[in-house]
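You will see chain A twice below: alongside chain B first, and alongside chain C after that.
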Partner chain A sequence: MSAHSLVGLVALNLVLLAVGGTTLYALRGLRSWNEALRLAGLAYMLGVALTGVVFVLELVVGLSLSLPAILVTEAALAGAGLLTGHVLRRPAPGTKLTLRRISLAGAAFGGLAIVYGEALFRSGRLAGLYEFDGWAFWVPKAKAIYFFGGLDHQFFAELPGSSYPPLVPAFEAASFHFMGAPDVVTLHLQFWFFLAGFVAAVVGLLSGRVHALLLWPPILLLLVTPHVLRYGLQAEGDFLLDELIALAALLVGLWLVEQRGWQVAAAAVLLGAAMSTKREGYLLAGCIVLSALAVSVQRARAVWPRLLLATGVALALTVPWRVLLAVRNLPGGGPEAGGTGLFSHADRAWPSLRLTLSTLFDFDIWLVVAPLALVAIAAALLARRRQLGFYALLLFALAVAAFTWTTWAFPSLPITKEASLNPMPRLTGSLSFAATAVVPLLLGAAWPARTGRAVR
Partner chain B sequence: MITSARKRLRNDTASSVVLVGVALALGVGAIHYYKALSQLGQTASSNSSLSFDDREIAGGNSVIVDQAAAYEARSLIPVSAAYRLVSGQRLRVRTELTEKYVGDWFRYFLMPRRPRPDARWIICYGCDTSDLGGVYVVRWHDDNGISIGQLR
Partner chain C sequence: MSRRLLPWIVLVVFALGYPLVVLGGGGPRFPSRGDCVRPATSDQNIEAVFGRFGTTAVAESMQRRAARSGFKNVQVESDGCGLFKVTLHGIPSLEVGREFIAEAQRVGFHPMLEQAP
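== the complex of A and B ==
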């Protein structure tokens, strides 16, 4: 709870930004400092994703996640990014920085976001660790990594949620190292950085493509939803999963339209990190990939190999953790009902679907995020932006089916929106975040004549 | 000409739907933006008004019944030692979460100390000390039936 802890957290996140910046340079190059600044949010989130995946791999092979090990890892990742970018002759920003004029609307909404960010920061600055899952296993796992260096056999077997990959605990342990102590109060601010990075990434990716009036309102709407206000800074994996999935969904959407290789490569890194954050990551990544495959069927020969390769890379990043679970005889986290068990619990199908939809459209949880997504999809389809429109529609439908399955396949879960009894409010966060990231793209596509660049 | 008119109509409809979407986001967002700032401000105020102990114990306040026991356990049990928490019916005050979760909360709070079923350091949460399997030397106790000690 000290200034020292805060400075430590800032340092950690600057390191993550540096790693992500060099990764982005390797993937696409950065033509100017303006572009680097615009894409700083995406760079940061890529740094988080790449670092997180590497942390998990290091822990699985038995490396100790000490402060020197973290610094060496980050230096190696940054060095690899710089070297790759240099070898691939990516454009570098040079020395010139010219300030571009931003629109009045952009400045106004940006100002509102900054005021909100400051209020959220203050709310998390002295927050205690109240969430049950937080003190029951997320933070104890982080403490185990911090105190013992690696995946301690006793704690990682005895603590609940043993099938969850240790990406978030590894970040929390890294935060403890940078803060100089296991400060579980200031730890909440690490999740503020993740949320700020997500918002900056979406804004940076879309600001050149979509008018500020179409870009900012959906984002600000998400930020003021009761669910984000109440749980946005909790020291658990749900929101990081939502942020990674949403950015991957946006990048895949952009890739479907623009076909730039770096977009699908970046999406692969984010999907790998999402699947290393929580097991739901597999389901949600599947929804994104299946939606993209379905809407690109007419260009299958050009699109599918690259998309499947990216999916394969993302999945491969999670294999070591699955191997470790098998080696240590830990549960894999599969559904309680098993493969055919769904049929013997068929009576839960309709209540599970009803719970999914009523949670997603619950004004007291997500305000009008889901209805707005449907309006944006309708606008895109009416404007004949079919690929983008159907991509978003399929993503929405598949995610609803996936969330329904999660309650249906776990008969011990009661059918309720009570967050402590059923994870549905948390699960629907991934779709709410993904919808928010994609909505400005859909609105921009349906409003081509009046915006700078049309998105087809 | 008819095709062109249809296209214009479709574009106009799409634009109208976009406007509906933006109006929806702006309208609901504007109202809730002010509510959000107020709520976040209240959260910040209530967090800052907490005592250091309440903030550090946080979720444990609904599980443990004596903050002093948590701090005493942390100061008495060496960081490299193991401990076991033994609960029983002699606890005078309890919450509905105490019995089920007090062990989990102490595991979180006392790390890196390890919980072990055969540990000689004992956190007795209303336990029957005659069942501990040795001579129990009390190092600290309160009036609720909680004590901390070692088996000899």
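== the complex of A and C ==
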């Protein structure tokens, strides 16, 4: 860790924020600097998602991911965002920035989150690269991109996880460029920025809709879960996937209620990035889209075309990587058991489901994140917020089914919560993050009269 | 105005409080080799450490020598401070440990009782 590396990392993340800010301006406009500040977390995560997807596309077509190439890419993305916003006559923030009124509860919870962030930063800035997947293939891929400029055929084919798209390695390589060296210690802080961006995004999206007492506790609960505390800054793709999926789930939930086009457009970008982060992204994106389709069946004519278009766009963003895998004869990352193999391994079905549920509800991994989500769903349903309640319930059930399938369809995985043998603790992270993002929305819908702006 | 400012003041106090307290305690310090040796003082998690070595080859040589002298289940482990320790876990109490040390010294070993991490 050095001051130079830290400054470089801060610069990279400011660039991502700028790209995301212009993207958000293009999607919805920003009426004031206060609004821009409130949505800075979402802007940052959109910048991460868009940049990550473009990095993958550039690597697939053989462009070198050098520092000048990164800067040109970011400038082009920011320019495109500004131009699109201007052409679409989006409202732009003026020159006035006033001190926004925040509640005392919001300030106290926000203060706790800041202290948590500072402590996590402190632990991450000297973290060694000990995590197996991190040093086995995530960071070696990043180093290959950093040193060779692109995807070295043989190297990427021989490393584990060859079917994973290089979104996270590309970000790690970009971090190396901005730090001026392949500093695998300070690299952990890039994942601190992702986590901070996620929290800021959820808070920014919901702070005007949900009272601080309902908004902050679920987020703080997630942050202090043993799994996040232990592994939140690992130089791997799991947590970024969780964060992208959770934000997409929240935006789709908001879109179901409010029907603002920018929400589903932003969700499409986030889902595209999630599917470009890890192969599980496809499964989880499918869970979100299916849940939204199912609960909007009565408004299918109005809702489904836009949702399906967004899904199509998100999927299209991942096609080039799939083409590259096919061209290079690399494994696609499909299930070991094959299409009908599930039936010949039917004895794994129940143990796989039991493993999923016992991991999700394991206090030593996720504290009470999942039970709280179920309580919030029940509260929303009891308050007759059926669409939102059933959306969350379906998302929960489909994700549980998806995680069950991952263990069932890979017979080489032992039925265990041991993270080095079965990825279940990491997989359940996506649902825990998504549940945390959606819980305040559900609680806000259940108690609209007391919680400020109503969420129907 | 003060009611409007109070939450922001709370936020700033939280934000500055933690780093000031941390910085007040000095910069980060890496553990020294001395920090890695915790002499046993209670009956919990006691191990007998036969020695610390810079390479696994030398540590394994000590492990083999101990095994030939009849000490079963002696293991080579990283001590977390850059060295490899040759150690025997599972000593139930300080009293048993002292008897073990005496027995080991009779056949030419000089293990130390430590509190395992």
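In the analysis below, the second predicted complex is superposed on the first by the 456 of 456 C-alpha atoms of A that agree within 3 Å, B and C clash if a C-alpha of one lies under 4 Å from a C-alpha of the other, contacts with A are read in each partner's own complex, and residues count from 1 in each chain.
Please note the rule applied: contacts are C-beta pairs under 8 Å (C-beta built on N, C-alpha and C of every residue); 3 or more make two chains touch, one makes a residue touch a chain.
Just so you know, these numbers come straight off a predicted model, no measurement behind them.
In the superposed model, A:Arg384 makes contact with chain B only, not with chain C.
The partner that reaches more residues of chain A, of the two candidates chain B and chain C, is B.
Applying the stated contact rule after C-alpha superposition, one finds that A:Leu99 touches chain C and leaves chain B untouched. Judged by the touch definition given at the top, the superposed model places A:Pro217 against chain B, while chain C stays out of reach. Contacts of A:Leu126 after superposition: both chain B and chain C are touched.
In the superposed model, A:Ile415 makes contact with neither chain B nor chain C. Residue contacts after overlaying the shared chain place A:Leu112 against chain B and chain C alike. Once the two complexes are overlaid on chain A, the chain A residues touched by chain B in the first and by chain C in the second are 112, 115, 119, 122, 126. Interface of chain A with chain C (complex): residues 99, 101-104, 106-108, 110-112, 114-115, 118-119, 122, 126. Note for the complex: chain C touches chain A at residues 4-8, 10-11, 13-15, 17-19, 22, 28. Partner chain B is touched in their complex by these residues of chain A: 1, 112, 115-116, 119-120, 122-123, 125-132, 134-136, 139-140, 143-144, 147-148, 154-155, 158-159, 182, 184-185, 213-214, 217-218, 220-221, 223-225, 229, 367-368, 371-372, 375-376, 378-380, 382-384, 439, 443, 446-447, 449-450.
Those residues of chain B that touch chain A in the shared complex are 10-11, 13-15, 17-18, 20-22, 24-26, 28-29, 32-33, 35-37, 39-41, 43-44, 47-48, 50, 52, 54-60, 101, 104-105, 107-108, 111-112, 114-115.
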